[in-house]
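Each of the next two complexes has chain A plus one more chain, namely chain B in the first and chain C in the second.
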Partner chain A sequence: MTAAQSKLYSDDVSLIVVLLDTNPFFWAASTSGNLPFSNFLNQVIPFLNSLLLLNQHNQVVLIATGVNSCDYIYDSAEAGGRNSIDAANVAAISSTILNRLENFVTKDARLAKGSDKAAAGGNGISSLLSGSLSIALCYIQRVFRSGARHPEPRVPIDSCIVGPQHSAFLQQASYITGGVYLKPQHLDGLFQYLAAVFASDLQSRSFLRLPKPVGVDFRASCFCHKKTIDMGYVCSVCLSIFCKHQKMCSTCGSDLNQSPPDSTRVSRS
Partner chain B sequence: MSGGVAAIRGGFDHPMGGDGERKKRRAEEEEEDDEDNDGRGMDAWAWEALQEDEAGLLRPLDSKTLVHAQYRKRLLLRSSAPSSSSSRIQKGLIRYLYVVFDLSRAASETDYRPSRMVVVAKCAEAFIREFFDQNPLSHIGLVTIKDGVAQRLTDIGGSPESQIKALMGKLECSGDASLQNALELVHGYLNQIPSYGHREVLILYSALNTCDPGDIMETIQKCKQAKIRCSVIGLAAEIFICKHLCEETGGSYTVALDESHFKELLLEHAPPPPAIAEYAAANLIKMGFPQRGAEGVISICSCHKEIKVGGGYTCPRCKARVCELPAECKICGLTLVSSPHLARSYHHLFPVTPFDEVSSMFSSKLNQKAPQTCYSCQESLAGHGNKSNLHVTCPKCNQHFCLNCDIYIHESLHNCPGCESHRSLPM
Partner chain C sequence: MAVINMAVKYKTTVKEHGIPGVLKMMEDRFAFVPNDPRSAMKLKVDFRTIKGHKFSKDGSKQALLNLTQDAEKGVGYIFEFDNFSDRNVCRDFVGKVLGKFQSVTPSKPNEQSVPEKPAALSHVEQLSTVEMERRMKLLREDSELQKLHKQFVISGVLTESEFWATRKSLLDDDENKASKQQAGFKSAMLADVRPSTDGRTNKVTFSLTPEIIHQIFAEKPAVHRAFLNFVPTKMTEKDFWTKYCRAEYLHRTKNSVAAAAEAAEDEELAVFLKHDDILANEARCKIRRVDPTLDMEADVGDDYIHLPDHGIFRDGSKETMDADYEIARRTLSQDLNRHAAVVLEGRALDVELGDTRTVAEALARSKQESSSDLPDENVNMERLAKVSRMTEIDDLQAPRSLPYAPLCIKDPREYFDSQHANALKALGDSGGMKSINCNMSTEEVYLYLRRQISEVKTRGLEIPVIQPEAALKVLDGLNQHLSSTRYHLGKNPQESVLDRLPHRTRDELMHHWMSIQELLQHFWSSYPITTAYLYNKVLRLKDAMSQIYQKLQEIKESVQSDFRHQVSLFVQPMLQALDAAFAHYDAEQQKKSAKSGSKQNGILETGIGKISRSLANS
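This part shows the complex of A and B:
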């Protein structure tokens, strides 16, 4: 449903880690809809190649986000360096990515058979985005460790939403980290969005006008019903969010019998 | 100079537990901060960057394993509960902390360069930022002791900027320090906070005595009954009354050996301390989760009373605009937070399980196929030459990680990539 990416900066050189969502429930449902998975890949893989062409020191890493596992698919640094990008090289990269992606998706689906079948039915499961984000951050840390002495690297998270709904989580993530959030309106022109918006390096972003979201949805979801709320009750012990007043906190078991003070404070400057 | 005084100063209760080891760490830190040592001329310690091996030959410190060993010690000290993987210690997450600065004449001593007060103020600024980073729902207030009198420097508040601005002003030191007056003042203020908050005081004490108008033992008992957790960081030597205060109220008393040690001790107070259950009432606090406005919206903000364009958050109850979160709506009093702020505190309650150390020679003995690369960063785990290479493995998901990822995962990320990337594992 999404292709989130993170970048780091040193002059014009970028390290871009692309997290590709391969959730089979979503992609299966969308074959009759807007964008089949094969078309999607047809737009993303040239985008990855174009990133490598923009600057010879650019590095691209592709991590796939599945429903049962996450894994590295492609790392442009491990191939032993590319001296020249020519047609044969580009084709080799594309076929490597496609082969490994296919292996990953098959393995991911096999892992599903072993786990709880009941969860596999219904309206689908969510992708393991937190897993692939954690892996991406560890990789970026490693690159920074071996490189020059930098303070904490700036890692903006860009989000490109390919699915039908906005993602509040990625809106927040992109806003907080200073990245770009975009939900393209015309998905058959996805490559153009990717190349125009997401391929820009961090130095250029300071003088480019990139799309900004209309507003950021910072609302939380309650722990009891998982619905989005804009006002709720928070347990003072474990910070769980509830939509209604309760006698006992279901997360930490604290007794919440006292009537809630409406967070009034006596002293005010 | 300071090397000579170090022997006289108390070094009790500092976490390293070994003077030589601490000096090695300090020397290592100085190697790294060579460029910005404020011209303090720390070349005096350069010889400590070397060690002798068994044959008596000099070799440089193996900083990588040393850093990892220190990190392991910190980690195991912190999670010193019995190593059940589901040990969840209740922590006081909503904290109301008063930081007491000692501005008596002892604080103008120059054994910390340029003076104790300047070092304390600089470290306190870093502490305040770290505190709000780790405890977004908490509040800090500042109090000073000068000429035997305690005064409030800033009101208790939830935003770091106003506190730091007050610290940057001119702070002059004179007179005596009075511990009792400070405790009385803080006790009065902390009585007014809501019942679900945890009350804490952190005293940064430079003096070696206290001049009190009455019986300080009574004041200590009063604080104990009011459930205020008092901690002290001493800059001079260990004082009995401070130790007694901390023991009675359940706080921690540490004495700093030098600037970097002081900063380390101060930053240890940023993560929430283990809570004593009856110290704060468990309550449901009503909070609002506002939406951020679009860029072009023009409105008057309720915090500055000015016209602002774009951005800003709308209180869900009274629709007033506030500039930043977390905040309290000035119109209706609702606490406004965003869900990332709450999420930032979850790792205190659900920490990542410490990983187990594994040497690759050990796993090959068990005829297991040891993975060749770290799961999260793909760095090779094979050893170079004859160095013993250590890596770690998560007890829950059994993935292998390198030492650097281990430190990063436990100190910054708070997420095990292996556990997050596998659905079949129970959470």
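This part shows the complex of A and C:
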């Protein structure tokens, strides 16, 4: 569903960590004119290659986000830091990625058999996005510790949403970290989106105009009806929000005995 | 500006009875018409001839207002009012008018660096110079405040007193900064009370100042007691101090034999040489009051005295104590400690250090008052209880299991999933909560995925990667998206509207916001309107608010078209606040006119009643 990336460094050079969502339930179900997985790969792999072309010191890391596990798929620094990309290299990179991806999917399938989660089936299965984000951030930290003299890494999270729904979490994550959030309309031109928007390095972003969503809704919503509210009641123990006065907090079970002026007295147990 | 009509008595001197009449004040002149049409004391005076005005304090016998023409001679028009509030209304009005006239005249050159204040300031309120200084200082330091002051007070919308009434905390702050700390005792006593020796004549001179005497009394309670007892009954003060100094000299020279001899001879001198028994008693009490449960472990690291090669080891076993005529051996450290203790206690006296006797008595009195009246019994009981508590051995206690309630927290996933739904609604997704319908089993989906991957492997990457038409479509869409200003443009998503406006506009908007706050504060505090003064104030405020309203509209229109929407959103709350104020004002006006209509009827009725009664009586 998503391909999120993180970028580093303050000049032209970038370290890009791409998180590829390989949730099979999503991909298998996304038919009816949407992007099949093979087309998706056909757009993403050239994008990764083009990233390596932009600057010879660029580094690309691909991490796959599965349902039961996450793993590194490709790391351009592994290969020994080849300086030039030519046709042979491109083919080699593609085949590496595809092979590793296939292995990963097989492993994920094996793990799925062992767990009970699969029995639930259907629309409850979510990808382990937090796991892959953790892997990515740890990798970035490790690179920084071992090498560069850059003081504080800036890690903006860009989100490219492929799928029918917006992702509230990624929207907020991109906004807070200063990244780009985009849900492309024309999926057959996905590569153009990726190349025009997501391939820009951090230094260029200071003078480029990138698409931004209309606004991010940070308002809280009440726990009882799930509607966004501006004013409400807050449990003093667990800080959960309610739109109407409640006798007992539904989250932590604490007794909210304070009676409001217009209600009758609650009998204490 | 309004016209004021007031029933007053006009007089030329304060002692006169005064001619009753009506005082009418307008913007540029005032007129007085006596009630008695035959009287010739009609007045019509231009405010320009009035140089200043004086008034009696609130609460004095007469509510007077004196409009002076010549400041030196004090000649002017004196009006007596029925009550102080009426007088204050007129006074403020006059103050404003005079302020207007006098601010028109060119200001003196040395006032240019100082924020401008109306010259009538010194007349309107009887301020102390300290107060004025504070206000000027505040105005100088805070440019925002100065701008507000200039805008409202100089133009006459608010008076000085109103402006500063809400800022009392700012004014008081300065006052409290000057802390009133007491000066403690100097340590000079320990070092400076050294006699000056005259080598030739064998004379030793001590000089004791009242300060030193005060200190001596504080630090040596035995000397203090001796003073109270001996002077002036047994000896004069001079003799007392002579003996004291003799004792000090003997002590200093550490001539113990001579000291013992003299002490044996002179009883009073012996007092100065003995141990201070008052101090000894106090020390004993303190030792008894020490908390035995105090954890001394914290001090272990600080104890350097018992380290080898540190300090002077004192073996007290060899010292013998005789009962009487015992010459006290005071060490410097004892003196220092005592001095420090007294300094920490602080100065208990506020008495002038002139007469020694009074100082001694006052000190004795204060000591009596401060001596602890706490019943020792209670203190002891508390201490015993605490000791017994602390000496409990934890291991031997029974396990104390307190009742606890297990924590039960709902699954947080439920909340986050609902957040997801909300965010989708907020983003205006027309699809809504489309759940992914997957009818295939787990194996099937994974199989599908793997097949897709192998398909790519066999087919290889497509060439071209993307069709030109698709790319063009995408680029067009992106460009359109970027050029529409509906979305947050700019590199930083946290940037606000204000930052992208020209500086001048932004500053103006902020200043208007502050002015509106100030005006609304005064406006809402004036309701309910009970006096004419408040009524006038509200009128003035309303005029100022309408002006700002106009200005805001102008700003909205002058801004560039792409910013207009955002600026109007920004300005919206300001306009709403002003609208609310105007609406309230209109509503109050309506209520008032409805009431006054019925009132007039009432007056007519009572008037008719009176006439009919008088007719009946006649």
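Basically, the second predicted complex is superposed on the first by the 206 of 269 C-alpha atoms of A that agree within 3 Å, B and C clash if a C-alpha of one lies under 4 Å from a C-alpha of the other, contacts with A are read in each partner's own complex, and residues count from 1 in each chain.
Please note the rule applied: a contact is a pair of C-beta atoms (placed from the backbone, for glycine too) under 8 Å apart; a residue touches a chain by one contact, two chains touch by 3 or more.
As the structure is a prediction and not an experimental result, all values here were calculated from the model.
K.L.:
For A:K226, using the defined touch cut-off, is the partner it touches chain B, chain C, both, or neither? Pick first, second, both or neither.
P.N.:
Only chain C; A:K226 stays clear of chain B.
K.L.:
Touching A:C252, do we find chain B (first), chain C (second), both, or neither?
P.N.:
After superposition on chain A, A:C252 lies in contact with both partners, chain B and chain C.
K.L.:
Using the superposition on chain A described above, determine whether A:C238 touches chain B (first), chain C (second), both, or neither.
P.N.:
It touches chain B and chain C both.
K.L.:
Output check: A:E102 vs chain B and chain C. Expected answer is one of first, second, both, neither. What do you get?
P.N.:
Only chain C; A:E102 stays clear of chain B.
K.L.:
Going by the contact rule set out at the top, does A:Y175 touch chain B (first), chain C (second), both, or neither?
P.N.:
both
K.L.:
Counting only touches as set out at the top, which of chain B and chain C does A:F25 meet: first, second, both, neither?
P.N.:
A:F25 sits against chain C, while chain B stays out of touch.
K.L.:
Thinking of the overlay built on chain A, is A:S134 touched by chain B (first), by chain C (second), by both, or by neither?
P.N.:
first
K.L.:
Counting only touches as set out at the top, which of chain B and chain C does A:K212 meet: first, second, both, neither?
P.N.:
A:K212: touches chain B and chain C.
K.L.:
Both chain B and chain C contact which residues of chain A?
P.N.:
Looking at chain A, the two contact sets intersect at 175, 212, 214-215, 217, 221, 238, 252.
K.L.:
Write out the stretch or stretches of chain C touching chain A in their complex.
P.N.:
Result: residues 407-410, 415-416, 418-424, 426-429, 431, 433-438, 440-446, 448-450, 452-457, 459-462, 465-467, 470-471, 473-475, 477-478, 481-482, 486-489, 491-493 of chain C touch chain A.
K.L.:
Help me check something: in the complex, which residues belonging to chain B touch chain A?
P.N.:
Per the stated touch rule, the residues are 90, 93-94, 137, 155-157, 189, 192-197, 275, 280-295, 313, 316-317, 325, 328, 333-335, 337-340, 342, 345-346, 349, 374-379, 404-405, 408-409, 413, 415-417, 420-424.
K.L.:
Considering only the defined contacts, which chain A positions touch chain B in the complex?
P.N.:
Residues in contact with chain B: 67-70, 72, 75, 78, 111, 114-116, 125, 128, 130-132, 134-135, 137-139, 141-142, 145, 172, 175-176, 212, 214-221, 229-239, 241-242, 245-246, 249, 252, 254-256, 258, 260-267, 269.
K.L.:
Touching chain C in the complex: which residues of chain A?
P.N.:
Residues of chain A touching chain C: 22, 24-30, 36-38, 41-43, 45-46, 94-95, 98-99, 101-102, 105-106, 108-109, 112-113, 118, 121-123, 164-169, 171, 175, 178, 184-186, 188-193, 196-197, 205-215, 217, 221, 223, 226-228, 238, 250-253.
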